[in-house]
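Dropping the structures in below, format is structure tokens.
After this come two complexes, each holding subunit A, first together with subunit B and then together with subunit C.
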Partner chain A sequence: MKPLRPWILGMGCTPVGEHWSQSLYDLATEAIHAALADAGVDRVDALVVGNMLSGVLNRQENLAAALADRAGLSGIEAIKVEAACASGGAALQVGAAMVASHTCERVLVLGVEKMTDADPAAVIQGLAYAADFESETIIGASFSGLSALLTSLYLQATGATPEDLSVFVRQAHQHAIGNPWAMYRHAVTAEEWGASPMISDPLRLLDCTPLCDGAAAVVLGRPGDLHRHEHRPVEIASIAGAVETIALAQRPQPLRLKAVEQSVARALERAEVSLPMLDLTEFHDAFPVMTALSLEAAGFMPAGTGWRYFDAAADAHLRIPIQTMGGLKARGHPVGATGVYQVIEATLQLQGRAGENQVLGAKTAMTQCSGGLGGNVFTSILRQATP
Partner chain B sequence: MIDPAVQSRLQPTLYRLEGVRCLRCHHADVSRRSTCARCGNAAVATVRFSGKGRLLAVTLMARPPSEHDRLGAFHLALVELDDGPRLLAKLTDVTSRPAAIGDAVEVVIRRLFEPGPEELICYGYKVRGTTPVTS
Partner chain C sequence: MKPLRPWILGMGCTPVGEHWSQSLYDLATEAIHAALADAGVDRVDALVVGNMLSGVLNRQENLAAALADRAGLSGIEAIKVEAACASGGAALQVGAAMVASHTCERVLVLGVEKMTDADPAAVIQGLAYAADFESETIIGASFSGLSALLTSLYLQATGATPEDLSVFVRQAHQHAIGNPWAMYRHAVTAEEWGASPMISDPLRLLDCTPLCDGAAAVVLGRPGDLHRHEHRPVEIASIAGAVETIALAQRPQPLRLKAVEQSVARALERAEVSLPMLDLTEFHDAFPVMTALSLEAAGFMPAGTGWRYFDAAADAHLRIPIQTMGGLKARGHPVGATGVYQVIEATLQLQGRAGENQVLGAKTAMTQCSGGLGGNVFTSILRQATP
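Moving on, here comes the complex of A and B:
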């Protein structure tokens, strides 16, 4: 049976940043109303919310009901989906499946995270709950700490330096300049990177994604639904997830992101797309080593060479634009919202609406978000649809 | 702070470095898990590990999580034990020169958390360098 591939009918988001005057509810409502207005509807059948920390940081569970009510959508069905930093991708998976299975006609998928109300140490603690509690969180590990250890293993294995890896940071910041909702719309030089304080050696402040707030929403529906012909329609060709052992110390091969390998392979297969058909990719660049390892695991670069992606002298299986709107690093990483921001940005690229960051002729895009250090990965393939 | 029931369940791991070794592929972990992290096999033997190993990676965490920030920054280490498993632990007994990558390390028992309202002290493993410091 031919799979039903949902279309993106509308989308909207808040800027990513420190929104002191806006609550979790305010941010969510703003993004929901923007997406509904963009789609030209005032109601959907269901709301699926991607969020990680509303219970820990905002003391609000039953989140989907709370947000649907605040947005004036009382009566619809609503659920929250949690997969740590991949919560947005997981919510898209659930929302797309609801449309594809004919359970609902139109579904609004919202990603939202409000991190800056809480003390930063409490946010770092909350994020650490995405690590393995009994062997990592209890020890005192933070995600920058775990990423620093992973980075150290990578540098030892490849001979790369922290400065080599920082190329991903500089490139992301360069791309964020053209993204109207990015948190950091400014370039970063190698000198500025080198002068930024050490957070968890070898990781500097400018290697790490910021603690920030944001909400992003898309309305999903059936092919042809609501099509108003002013923008090229975009379909979700596939979404696929994969998990692996969360605990870094328990992974047989810590430098091989197996869940990235598996979710990419599944997403390509379900979309009936091969790797060379991709025109751009948004990876989960929470830390530079994650970009390098994801490039390797996704099959763009041979193992151990991801850090040389921008080095034309290095062999690559596929070299296409990545992090085209600034990525997690410079757009910002409001945890549960990230997967939805990625899909909005990739959709703009496929519609030719990405402004100065436009990837010319982009027809097919891949987006990927990762919970923990590759513990739970969701990969989406988006494609221009035929009206 | 850690709940007493959780602390009680984790005592074999935290106090005695007990874990599992897969009866099929022999992969070993310092963990209460009941399946193998490498092959998924459900037949695993409970093992007590030696506590001797070497340092694979170490980082000085300047921004610890709130439940671990009372004493400020600390070193987080990834260790490979001589009998197979890898272990994540705080580096302790750090003097002027912290243990470096490749150094021999050993597991020691230290206080992990300040006591909570139940006044139970949670002890557990940390690691320290055993390579003599030469100036």
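Moving on, here comes the complex of A and C:
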């Protein structure tokens, strides 16, 4: 049977940043109302919230009910979904399944994270809950620390240098200039990168995504259920997840992101799309090594060569624009919201609304977010729909 | 289009209790393996985990990935779902939607909560995150305290006494005797109830559900996908949620559980079932007032009379067995697992396997769990399927 492929009926988000005057509830409400207005509807049947740390940092669970009510959506169905930094992607999968299963006609998928109101030490600790408690968190590992270990391993195995990897950082910042809700709309030079302080050797400050706040929302509905017709409709051709062992030290091949491999393969199969049909992709560039490894695992570059993606002399299976609106690095990474920001940005590309960052002729896009260092990965395939 | 209604292919759970020698991971793995063995399969496509407090109490988010890997299910899709005390019900809805949308063929839905390893004060505080942070939690409200306020209001409005409401407690304990995984398999007399210490006036210790641990799992699949044929197949005819304002003081009619009304109406409509077709129901009896109010909101008793449900002289729209295996009160309430325990118990009834608690001729059952005091409610309709 042909699965129902939901359409994106509308979308909206807050800028990413340090929002000292807005609460978790304020940010969520702003994004929800923006998405409803963009869709031209005042009601959805369900709210699915992607969020990682509302309990740990904001002392609010029962989060989906709390947000639905504040946004004036009392009475609907509401669910919070957690998959660490991939919570937004997981929420999109749940929202899409609720539409495709005919459980609901219209679902609003919201990603939200409010990190700046808590003690930064508590935020760092909370983020480490994405790691494995029994073998990583319990011994005091932070997420930057674990990423530094993975980066060291990659540099050792490939011969790349930290400078080589920083090409992903510089490109992300360049692209963020054209993204109206990006946190860092400024370029970064190789010198600025090299002068930024060491956080966890070999990772410098400018390698790391920021602690920040943000909320992003999309309204999903059945094909054809459009209430505003200004923009070309976009369908979610597929979403697929995959998990692997969280603890880095327990992975037989830590430089092979198996969950990326599997979720990409699944997403392509469900969408009936092959890799060469993609026009752009948004990866989970929380740290540059994740971009390099994801390019390899997804099949764009041979193993060990992801860091040479922009090097025209390097072999590549496929070379298409990535992180076209600044990625996690420069748009910012409000953890549970990231997967939804990615989908909004890719949708703008498919609608020809990406301004100076427009990928010409973009018809099909892939977005991917990762809970932890590839522990739980969700990959979405979006494509232009026929109105 | 006729929606696909998933079947319950297998189920398994741990006893509910204080499991000092088992971790969150151990409990989850035990329930997952028991459910897979019961279903006669060694693989599912996805794991959906209902859990409320793994971040706050167990310092483990990315929970679904962590549990999938430990249970030997690396590579599958995995998602955690949170809706406070209704997390298990929400996870069932997500799992059912993933099957019904043809995203996956077979999904394991696990509910798990590990509360005893943390400082009890932290557990009490964590549970209060199900309340509204801005107006309830921030002023120090505990969940028992809020329930006591709601109970007082109910007693004042109806003329019922705390003794009247305790009939639900006594019946739950009586039923738990026949439930092999219940935490309290012993009767409670009116005298014992009256002699138990006051926790939050008018709630006594024996009115409150215990802090406890437990994990419960069901394997959902497509109709007919049975690998073991000893027991009659059961289908999930529907699951539906509804939310209302969490903060008690902000509800226009706090004695009317609107989310119960709406989720029951939705679940019945989706299942194409009417209330008189139900043979038994499991309510969210975290406190006796919730049973009384839920009986009223679901349509079993006129408003204000739920406390007289067992009184043959009282008017009732419908009087069928409730809390047939001990309910939250006596089976125990490992928060995120409760919704899944309810479905397992109702399935046993529909399969004629409920032993001394068997409801004769039971063909259709309703289960319901509530995040907070009716803030987010999920209602399931289960029924015998035709093999």
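Here is the rule we go by: the second predicted complex is superposed on the first by the 385 of 387 C-alpha atoms of A that agree within 3 Å, B and C clash if a C-alpha of one lies under 4 Å from a C-alpha of the other, contacts with A are read in each partner's own complex, and residues count from 1 in each chain.
The rule is simple: a contact is a pair of C-beta atoms (placed from the backbone, for glycine too) under 8 Å apart; a residue touches a chain by one contact, two chains touch by 3 or more.
The structure displayed is predicted, hence computed values, not measured ones.
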item	value
Which superposed partner A:V81 touches (first subunit B, second subunit C, both, neither)	second
Which partner reaches more residues of subunit A (counting touched residues only), subunit B or subunit C	C
First, second, both or neither for A:I32, with subunit B first and subunit C second	neither
First, second, both or neither for A:M301, with subunit B first and subunit C second	neither
Touched partner set for A:G140, first subunit B, second subunit C, both or neither	first
Which of subunit B and subunit C A:A217 touches, first, second, both or neither	neither
Partner chain in contact with A:V112 - subunit B first, subunit C second, else both or neither	neither
Which of subunit B and subunit C A:P197 touches, first, second, both or neither	first
Touching partner for A:I124 - first (subunit B), second (subunit C), both, neither	first
First (subunit B), second (subunit C), both or neither touched by A:L153	first
Touching both subunit B and subunit C, residues of subunit A	134, 137-138, 245
Residues of subunit B defined as touching subunit A within the complex	2, 10, 13, 27, 29-33, 37-38, 56-69, 74, 76-78, 85-90, 101, 112, 124
Touching residues on subunit A, where the partner in the complex is subunit B	119-122, 124-125, 128, 134-142, 144-146, 148-149, 152-153, 156, 197-203, 245, 247-252
Interfacial residue positions of subunit C with respect to subunit A in the complex	1, 3-4, 23, 25, 46, 52-53, 55-56, 58-66, 68-69, 73-84, 90, 93-94, 96-103, 126, 129-134, 137-138, 240-246, 258-259, 262-263, 266, 270, 371-372, 375-376
